[in-house]
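Both complexes shown next keep chain A, but they swap its partner, so chain B is in the first and chain C is in the second.
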Partner chain A sequence: MKFSVIIDAFPYLLGAAVTTIWVSLLGVLLGQVIGVVVCVARQSGGRVADMAGGVYVSFFRGVPLLIQLLLIYYMLPLIGIDVPPLVASIAALGLASGAYVSEIYRGALNAVPHGQSEAALALGFPGSSIWTRILLPQAFRISVPALVNELILLLKASSLISVVGVAELTRTSQTISASNYRPLEIYLAAGLIYLAINGALALFGTLVERRLQQA
Partner chain B sequence: MLDLSLLVQYGPALLRGFGVTILCWGAGCLIGMVLGFALMLLRQLPVKPLRWVIRAYIEVIRGTPFLIQLFLLYSGGPAIGLRLEATTAGILGLGIYGSAYFAEIFRAGYQAVPKGQVEAALSLGMSYGAILRRVIVPAMLVSTIPPIVNMMAILTKETVVLSIITVPELMYEMQTMAAETFATFETILGMALFYWLLVEAVSRLGRRLEARVTRFLTHASPQGSSKTATARA
Partner chain C sequence: MTAVSRTATPSRAAGQGDTVQGDAVPMVSIRGVGKSFGTNEVLRDIDLTVNKSEVVCLIGPSGSGKSTLLRCINFLEVYDRGEIRIEGKLVGYSEDTPRRRLSNRDLRDLRRNVGMVFQQFNLWPHMTALENVAEALVQVRGMDKVAATSHARRMLDRVGLAAKADSYPARLSGGQQQRVAIARVIAMEPHLMLFDEPTSALDPELVGEVLQVMRDLAADGMTMVVVTHEMGFAANVADKVAFLDRGRIAAFGTPREVFHESTEPRVQQFLQTYHERNSF
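Up next, the complex of A and B:
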């Protein structure tokens, strides 16, 4: 063990960690949008929408993320969309996350009392605003712990996008340890950075949860 | 689509890869469960430092990506004299990764065993080993089967990550095939469908197992959440 190795590499690792963070955040954001749309479509879009949504959720939860990533990475150029690895990675993370998020929202919606939407209906709310003003805000509040958990899972999963060459934390650690032959120190440092980010996220989640309970 | 002659040509390699996948998965699950159970038991001992160490172990494993753990074990290991072959490192890595999650699953199951049952067994003069074997573990089995099956399905998916450290499992063989035949997209699509089926099969089997293990559960009312295992005598 040589700690000077870690100190030398630390600035690079931190820079790469920033990439990891924003890629994960974009992935989660995309996942939120997809998740809400899929969830609402499955609940109120009829049988076909429900079935299509079901296949989507089953596929993206059943297939390993690494394969999804490669599939998207190689599929997009085939249909004429040439995107950089970074965009393909965010798309893959978002699609995978969307499947989990839609299930999180489905669970949360079940926890919103039936009387809420019935009352809104009786008050003459149109269908769309029942969703945007009554159901989704409550579902969101219920699902905050699960969503923070999802963010942590996605941040860990983002290490896989190193495979398509995105220079995030894992990829950068690989590059550094390949040049200085000190994989033990570098991967330890990378692991600690992941741990620190996830710890901060968990703390943030607890704070938000407490805040929402007060409101 | 997929040229069938390719399947004939690469069939043996793919089959071998699938064997390695199953081996890694099975051995990884086994190590994970045994280690997880041991960690859970050790955590019950009234030794504070030991508890802290186990807690830290669980938090570290659950807070870092599996890929980083694998790299640390496989590439970082030799620096401390731990020279492992890729497959051994993969199995060990899967086991260590799973053990943290299994330990938490078992802990929840352990805590869900009604205290009265353990006290009753104690007052009947049963030894701790006997209580564990005949009271706690059977009751735990019922409440922990769903999360265990879920974890095993997750580990099925994690086996593909082993290809990155060159474990010659299915994903690795398929990538070799893709690289040699340039049928990249078809191969990956086929692989996606295959793993979809595999994970689905693991979950199905798990649900059947769950039905078998919980067949003595009585459901008093739909709302009744008291999940006490009651044998039908």
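Up next, the complex of A and C:
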């Protein structure tokens, strides 16, 4: 073990970690949007929407993320869409995350008592307001722990996008250790950076949860 | 409106197909209503009229169909047979095409004039008392937030809870929560209020404050249909009492007629059980 190796590589690793973070965040945001849309469509959009949503969820939960990523990366150019690795990566993370998030919200919605929407219905609320003002805010609160968990899983899974050449934390670690022949130090440092990021996320989640509980 | 146009429209005919006029139109008119859940016939041939400013209490054993009947009035429950009219307007179905369901928009128009108070209060836990009351004013009446908030404050004041405006429901007692729920409804200035066992989920010492608010509403002329096990309230406040038994109205009349003069054995049995349960 030579710690000077870590110190030399650290600025590069930190820069790569920033890429990891923002790619993951974009993936999570996309996943949130997809997750909410799929969940609402399945609950209120009729049988066809429910089935289509079901197929989507089964596929993206059942197929390894690495395979999804490679499929998106190699398939889209075939149909004339040339995607940069970064875009393919964010799309893959978002699509995978959306499948889990829609299930998280589905569970949370089931936990919202029926009387909540009924009270709004009886007052004459339009369906859209019942979703945006009554159901989703409550489902979100219930989901916070699961969503933070999902964020952490996604951030770790983002190491897979190294295979399509995105210079995030894992890929950068590979590159550096291939040139300085110090894989142990470099991967150890990378692991600690992942750990630190996820520790911060978990802490953030606890704070949000506590904040929401005061309401 | 000018004097000319007023003389040009001499009658206040409601124009709803019937020839009934003005105040003669009952607030609620239920004719031959039936409802089944699968093979379980829950309501059978119900006839009931509620006039404006009347308080009608629905009493009867558990499972007799009280909640279902109440929920048919604002179409939270779909009735299969007969018709329900509110201020002359058919509930839930199109006037022109038999048994064709109203659009969601038409249902909303109907429901905004009919308030409902639930046994479990159903306040929204992520909003303060004030926000609970103001929300429908914004979402349904299209009021701006400032106007809605000040109107909501006045409504909380009316149920004696101005001081709790910024509390979340979890911090309120059951009685206070139910009063907020009532404020949420009266803020919409409904023509009719439906109550489904509004005090049944409350600790005994909190029942009185909710009943008092309901008494005040009745005194102000609110038309109310109240499902309740509070026989004292029914006896003292109701204009009419309907006793439901296995989906039928087995007795109907003034409280005196139902409680003291009815010879219907099921009514007597029900009241007997009630007295036994409530005596020491």
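Everything that follows uses one rule, which is that the second predicted complex is superposed on the first by the 215 of 215 C-alpha atoms of A that agree within 3 Å, B and C clash if a C-alpha of one lies under 4 Å from a C-alpha of the other, contacts with A are read in each partner's own complex, and residues count from 1 in each chain.
The working rule: contacts are C-beta pairs under 8 Å (C-beta built on N, C-alpha and C of every residue); 3 or more make two chains touch, one makes a residue touch a chain.
This one's a predicted model, so the numbers in the text were calculated from it and none came from an experiment.
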{"item": "Touched partner set for A:74, first chain B, second chain C, both or neither", "value": "first"}
{"item": "Touching partner for A:116 - first (chain B), second (chain C), both, neither", "value": "second"}
{"item": "Touching partner for A:138 - first (chain B), second (chain C), both, neither", "value": "second"}
{"item": "Touching partner for A:125 - first (chain B), second (chain C), both, neither", "value": "second"}
{"item": "First (chain B), second (chain C), both or neither touched by A:157", "value": "first"}
{"item": "Residue contacts with chain A in the superposition, chain B compared against chain C", "value": "B"}
{"item": "Where chain A meets both chain C and chain B, residue numbers", "value": "none"}
{"item": "Residue ranges of chain A touching chain C (in the complex, touch as defined)", "value": "113, 115-116, 118-127, 129, 133-134, 137-138, 141, 215"}
{"item": "Contacting residues of chain C [partner chain A, same complex]", "value": "74, 76, 104, 108-109, 111-112, 114-116, 118, 120, 122-126, 135-136, 139-140, 168, 181, 184-185, 188"}
{"item": "Interfacial residue positions of chain B with respect to chain A in the complex", "value": "59-60, 63-69, 71-72, 75-77, 79-80, 157-161, 163-164, 171, 184-185, 188-189, 191-192, 195-196, 199-200"}
{"item": "Touching residues on chain A, where the partner in the complex is chain B", "value": "1, 58-59, 62-68, 70-71, 74-75, 78, 152, 156-160, 162-163, 170, 173-174, 177, 182-185, 187-188, 190-191, 194-195, 198-199"}
